[in-house]
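Chain lettering (A, B, C and D) follows the sequence in which the chains are written, and residue indices restart at 1 in each chain.
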Amino acid sequence: MKFHKLPITEKNMLNVGIVGATGYAGEELIAILLRHPGVLITSLSAQIDKPRKISEIFSQFKNKLNLICALPDKSEIILKCDLVFLALPHTVSMEIAPKLLGAGKKVIDLSADYRLKDTKVYERFYKTRHKDKAHLREAVYGLPELYRVKIKKARLIANPGCYPTGAILGIVPLLVANIIDVDSIFIDAKSGFSGAGREAVARQEKEILNNLWAYKVNIHQHMPEIDQELSKFADGKVSVTFVPHILPLKRGILETIYLKIQNPKSKIQNLIDLYRKFYKKEPFVRILDEGSFPQLKNVVGTNFCEIGIHADAKKGVIIVIAALDNLLKGASGEAVQNLNIMYGFPEYTALV
Amino acid sequence: MKFHKLPITEKNMLNVGIVGATGYAGEELIAILLRHPGVLITSLSAQIDKPRKISEIFSQFKNKLNLICALPDKSEIILKCDLVFLALPHTVSMEIAPKLLGAGKKVIDLSADYRLKDTKVYERFYKTRHKDKAHLREAVYGLPELYRVKIKKARLIANPGCYPTGAILGIVPLLVANIIDVDSIFIDAKSGFSGAGREAVARQEKEILNNLWAYKVNIHQHMPEIDQELSKFADGKVSVTFVPHILPLKRGILETIYLKIQNPKSKIQNLIDLYRKFYKKEPFVRILDEGSFPQLKNVVGTNFCEIGIHADAKKGVIIVIAALDNLLKGASGEAVQNLNIMYGFPEYTALV
Amino acid sequence: MKFHKLPITEKNMLNVGIVGATGYAGEELIAILLRHPGVLITSLSAQIDKPRKISEIFSQFKNKLNLICALPDKSEIILKCDLVFLALPHTVSMEIAPKLLGAGKKVIDLSADYRLKDTKVYERFYKTRHKDKAHLREAVYGLPELYRVKIKKARLIANPGCYPTGAILGIVPLLVANIIDVDSIFIDAKSGFSGAGREAVARQEKEILNNLWAYKVNIHQHMPEIDQELSKFADGKVSVTFVPHILPLKRGILETIYLKIQNPKSKIQNLIDLYRKFYKKEPFVRILDEGSFPQLKNVVGTNFCEIGIHADAKKGVIIVIAALDNLLKGASGEAVQNLNIMYGFPEYTALV
Amino acid sequence: MKFHKLPITEKNMLNVGIVGATGYAGEELIAILLRHPGVLITSLSAQIDKPRKISEIFSQFKNKLNLICALPDKSEIILKCDLVFLALPHTVSMEIAPKLLGAGKKVIDLSADYRLKDTKVYERFYKTRHKDKAHLREAVYGLPELYRVKIKKARLIANPGCYPTGAILGIVPLLVANIIDVDSIFIDAKSGFSGAGREAVARQEKEILNNLWAYKVNIHQHMPEIDQELSKFADGKVSVTFVPHILPLKRGILETIYLKIQNPKSKIQNLIDLYRKFYKKEPFVRILDEGSFPQLKNVVGTNFCEIGIHADAKKGVIIVIAALDNLLKGASGEAVQNLNIMYGFPEYTALV
C-alpha cells in the first residue's frame, strides 16, 4: 500500500533548473521538487539585484537547499540541467526557451508565451509581438487530463494558466457530450491574490483585506486560452464570457460556471456520472456527490481540482463549480505533474 | 462657531422599538438610529435568557443608550413605540406584526415574511405555512428606488433581502428598456459571513478564514424574491439563476450578473447613461464610469449601492456588477431609509 | 419632528486645511471633519503627481467634498485656513509648520517632529537634524487627558504617536500613585498594518495575511516618546522596553504592559478604582471591570481607549492592557479632539 | 543527499491508533503519519455520533486512508495498535491511558493529564481530581530538546502544550547559563485560533476576523507547566507571568519574552552563540541571526521552532522571540518527533 522505490543515487537523478525562482510559482516549484525523489535542483535564477542564497530569500529552504540564485546565464543553465522550468512573466520566456531547446534541453514554460496558437490573439491580449513562432507550433498545452499522450513526448510544454485549468476541466465533459449551448458560457472566477504574481501584489494599490473586486472584466488574457481549448472539443468556435475577481486570501481559485442546455431534450440526468466516467483514471480530479460543491479549504495546498455539478432541467441551466490551488494544480503542481509524465515517474510523485 | 439646534424634546420625537435587537441587523439599527435626530429608541427586545442592558451586550453603546433588552412584550411595545422594526428570523415576524398593526403601529419587517406575495412560493422556500395573508396583501416591498410613493403611505414595510437589493437595482433598468433576454439571467453573488446571521455564524461548521464556498446553489430563498420583483418590470415571468457564496470577510455583497442581449439590434451603447438617467434622483445609487467596477471596500460602512456596467455587442452579453453593505443598504440602512420616507425626514438622515 | 439647526454659514465656520491628505491619517481626518458642524475643509494637499479631485482618490467622498488635492502651496494654505493639520512624514512637517505659525495660523502636527523635546534624542531616532528648535519649545504634546489646559491655549500641537497614546494612558495612573518600579516596564504592542502608513504598506515585503512579526525590537521611535512623557510623572528618568508587532488586520492597537510593584507593601487593591478616579471626567477613556480586558473590535472605528487592569500581589506584578484605534484615538481622532479643545467645541464633536 | 530506506512492508510497520481523531490535533496527526514510511494507521476513534469514514469527515484524506472513525473501544484499540496517540481533552486521557499501558501499549498523550507532576497544581488549574497518579510518576515530558534520552525509553509521553514548547525552548538556555532574574519573566504569547481547539472555535462568541484579545490573563493552565519545566533548570522555583492572546489567523504561535539580567556583570554578549551551542544538534530549532526575529509565516506548516534574541545591557533586559506552528511543533509534529525517537526512526521522518 506504500510507495516503494529503487534506491536513487545522484547519478541517475534528473537535473532541473528554475528560471524565475523568486516568484510565487518558483517558490512553490522548489518546495515540490525538494520532495521529489528523482529530481535534483541544480540551477536557480531570477531577475535579481545580486546573487543571493535561495535560503536567504526563502528561509523555509534553509538546510534543505544550498544553492545561489543569480541572474539567468543560459550557458550555465544548459550545462547544469536536463529540464528547465520557466516561471517568468510572458514575453520573457520566449527569449530564453529557444536557446535551451536548441541545446537539447526540455522546457516547461509556466508563462503564457507558448499557450495561444494564434499569434494575432496573443498579440491582442499580451500587447507584444510573438518572437518564437517556430517553437510555438510544437509546444504542447500541458493539461494532463486532456493531452497526456502528447505531453509524454513533448520537448516544450506550455503549462496552462490557473483560471483555464479549472474552467477547461469543468466544461469539457459537457462539450464532448454535446449538451450545452456554446454561445452561453459564463465563467465567474474568484482567485486569491497570489494569482496576480508577487510583483503585482507588492505594487497593489487596492486593499486586499476585507475587500473584493472584479478586474479585467471580459478582457482577461486567460479568456482566449479557455476559448482555444474549449473550441477543440466543440462544433465551432467557443467564445466564453469571463470575469475574474480577487479574494481576501492568498491561495485558491473557485470558478462558478453558468451554462445553458442546448435543447430541452438533452439528457441532463446523471451529469455527475458523466463527469466521473470522463475523469475516472485521473489522479487529481475529484467529482463531488450530488448537492456537494467544492470549498477552497479542501483544495488549497493540494494538486487536486474538485468539481461540483448542478442541473436545472426546467430552467435549462447547468452550474459547474470547480476549485483548485492556483499555485499548485493551477501552476507549479501541474508543471511537476507534466514532468512526471514526461519522465515516467508515477504521476503523483511529490504531489501527494 | 458652535453647533446649535432647536431643542428637539422627547415629546416631538418618533418613538421606535426594535424586536430582535441582538442580531447583526438589530445592532446596526441601534447604531444608525442613535445618530438620527428625530428618533428616540424606546424599546429593545430579543430572544434572550434574561433581561440585560444593551450596553452589556454591545459595549459600543455604553454611555449612549441606557435601555434594557428583554423578551418581547407586545403590550409594552405598543405602549412605548410609534414604529417597530422587526429584525427577526422569518416565521417569527408574522406572529408579532398583526398585533402591532392592529394597535395602529407602523412596522418595518426585516425578515422575509411579508416579501413574497405568493404564499405557495413562500411555503416552498421557507418550509412553513404563511399565517398572516391579510397583512401580506397590504405590505409594501421597501425598495425606495422603485416604490417610494407607496412606502410613504405604508403601514407595513417588507424590507428587501440583501441579495435582492443589489440584484434588482442592477437589473431593472435593463428590463424597463426591454434590452435583455429574461430567460438568461445569471447572478453570481458573494457575501461576507454576516449575511448568514449571527446565530448561523456561531454554529458555523465551515472555516471562514482562507475559505470560499457556494451554498444553496440555485435554491436560495432570495431567488424567488428577485424573480417576483423583476417580473413586475418584464413581459412575463422572470426566473433567474442565482448562486451565493460566502467570503472570508464580515460585511459586504458583490453581485456579478451575466445577461444576454435580447436581439442583436438592441441598442446597448450608452448603457451607463441609461442607468444614470434611471437613478438620477437617487441619493444612494452610484453608477460608475465606463471601465470602472465596484470594490467592496468603497461601499462597506455606507448605505450606497454601487453599480458598474459592461456590454459586449459581439458576444451579445451584458455584465452588471453591483455592490453594497449587506447590513446597511442590504438591511438596516435601507430600513431607516424607509422610515425617513414614511415620516418625511430627508431620506439620507442618519445614513451619511 | 424634523432636524433643525441655526444656519451655520460658511462665514462663521472654522476653515481647516490638511497637508498630507492622501495618507491613512489624512483620509481619516477628512471623514471626521465632514461630520463636524463647525468646521469647513478648505484646503487639501499632498505629495501628488498632479492635482486630482479628492473624490477620485477616495471615492467615499464623492458628493460630499468637492475639493482638488494638489501639491502644498504655503501661501494659498495661509489664505484659506485658520488651522492646518499636518499629516506628513517626520522631517517634512518642520519645514512647513514655521511659515504657517508665522502667518498666525494654528497647527496640529500628526508627525513626530514636535514631540521630542530633546533634539539629540530626535536625531538619534529619526536620523536627521532638527530644524525648528524655536517652535519645538512651545509645542504642546496633544494628549488631552494629561494636557487639556495647555492644549486650549496652544498654537502648535504635537499630536501623540499611536503607540504612545495607549502606553501613556495605561501607565501614568500607576506612576502618579507611585506604585511601580520604573526600571521594569515592558510594553508588548500589536498594531494593524495601517500603523505603518500607506506608503509602507504598499512597499511591504512581508506578507500581512496569516502572518505576525515583531519589528524595530527595542529601537522603535515611539519608545523615547513614551519615555519622555512617563518621566514627567515619575521620580527620575523612565526607560521602557518596547516591542511592536504587526497584526494581520488593518486597524487597531492593543498594548499589553507588564509592570513590577515597587515594594511588597504597595497597595494594589482597587487599582481599577484608581484608574476610574484618574480618568473620571474623560469622555474617551473606558476602564473595564475586574477580569475584563479590551478586544480590538470594540475600539476600532471609535475614538475610545479601553483599559483593563490585573494585579498579582504574590508575584508583585501588574498587567495593564490598553486598546485603541490607531487611526482615530491614535492619530486623527485625537487630532480633532485637540481641535475641539482649542476652539471650545464639545470635546466629542464629530467623534461619536 | 536523499533519504534512502529499506523496503518497508506492512508486516514490519508500526501500528498506530489515534483517539480523538476529529479535532485539530488528530487531523494533523493523520496527515503527518500518512507520510511516515514506517507507520501504519490502524485505528481512529473520537466522540462521534455514529461511525463515519474518516474521508467523509476530512475530505483531504479521500483515497489516502480508508478507515472508519468510531467511538473509542479500548479492547479493539489494544488489538490493533502498538502505540496510541491520545488527542483528547484533559481528564479524558487519564481514563483511557491506564488500560492501554496495562496491555503493554505505548501512549503519547497530547492532553495535559500527565504533564504536571504536582497533582495539587493540576487540580487547581484543571478543576478536577487527578485519577492516575501511578502513571503520572513515570510519564516523560515529551520535549525532545531537553529529554531525548528519557523519551527513548518511555512508555508514556506527556506531549507538551503549545505555549510551553516555545516558552521553554526560548528561556532554558538563559537559565542554564545563569544569566537572568527568575522573578522577572514575562511571556506575551499570541496564538492562532486553532490553539483553542475545534470545539471552542465553533462555540466562539468573539469575532475572530479583524480582532485581537487577551484571555485567561495570568491564569492560563499552561503557566504552571512552564513554571514546572523552567524550575528544573533554575536555582529555586520559577513563577512566570503569562498572557496569551488570540490572533485573527488559524495557525501559529509567537511568544515575545521579556527577561531581566540577573546582575550587571552578567555576560550578555554572544547570546546568539550561546543559543546556537545549546541547540546545535537539534533538527527543529533554528536560532536567527542578530537583529532578525521570527515571523509566523516561516514556521507555520513546519515542525520548526524559530528563536530570535536581543539584549540591551544598559537596560539590563533580554528579549527572546520564539515562533512555531501550534499544531505541529506545538502538538502533533512534536508527538511524531517523540514517536520517531521512541522507535529509532530518523527524528525528522515525516516532519520535513
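Structural remarks
By our rule, a contact is a pair of C-beta atoms (placed from the backbone, for glycine too) under 8 Å apart; a residue touches a chain by one contact, two chains touch by 3 or more.
The structure presented is a predicted model; accordingly, all values stated were derived computationally and were not measured.
The interface with the greater count of contacting C-beta pairs, when A-B is set against B-D, is A-B. Set against the C-alpha centre of subunit C, every other chain centre is closer than that of A. The distance from the centre of subunit A to the centre of subunit D, each centre being the mean of the chain's C-alpha atoms, comes to 37 Å.
Computed centre separation for the pair subunit A/subunit B is 40 angstrom, with centres defined by C-alpha atoms. Inter-chain spacing, taken between the CA centroids of subunit B and subunit D, is 48 Å.
Residues of subunit C in contact with at least two other chains: 207, 209-210, 248-250. Viewed as a contact network, the protein chains are fully connected, with every chain touching every other.
The touching residues of subunit B, counted against subunit C in their complex, run 1-6, 8, 12-14, 37-38, 59-60, 62, 64, 210, 286, 298, 302, 343-346, 349, 352. Taken together, the subunit C residues at the contact with subunit A in this complex read 202-205, 207-210, 248-250. Against subunit A, in their complex, subunit B makes its touches with residues 183-184, 186, 188, 190, 206-207, 209-215, 217-218, 239, 241, 243, 245, 247-252, 254, 256, 258, 260, 293-297, 300, 308, 310, 312, 315-317, 319, 321.
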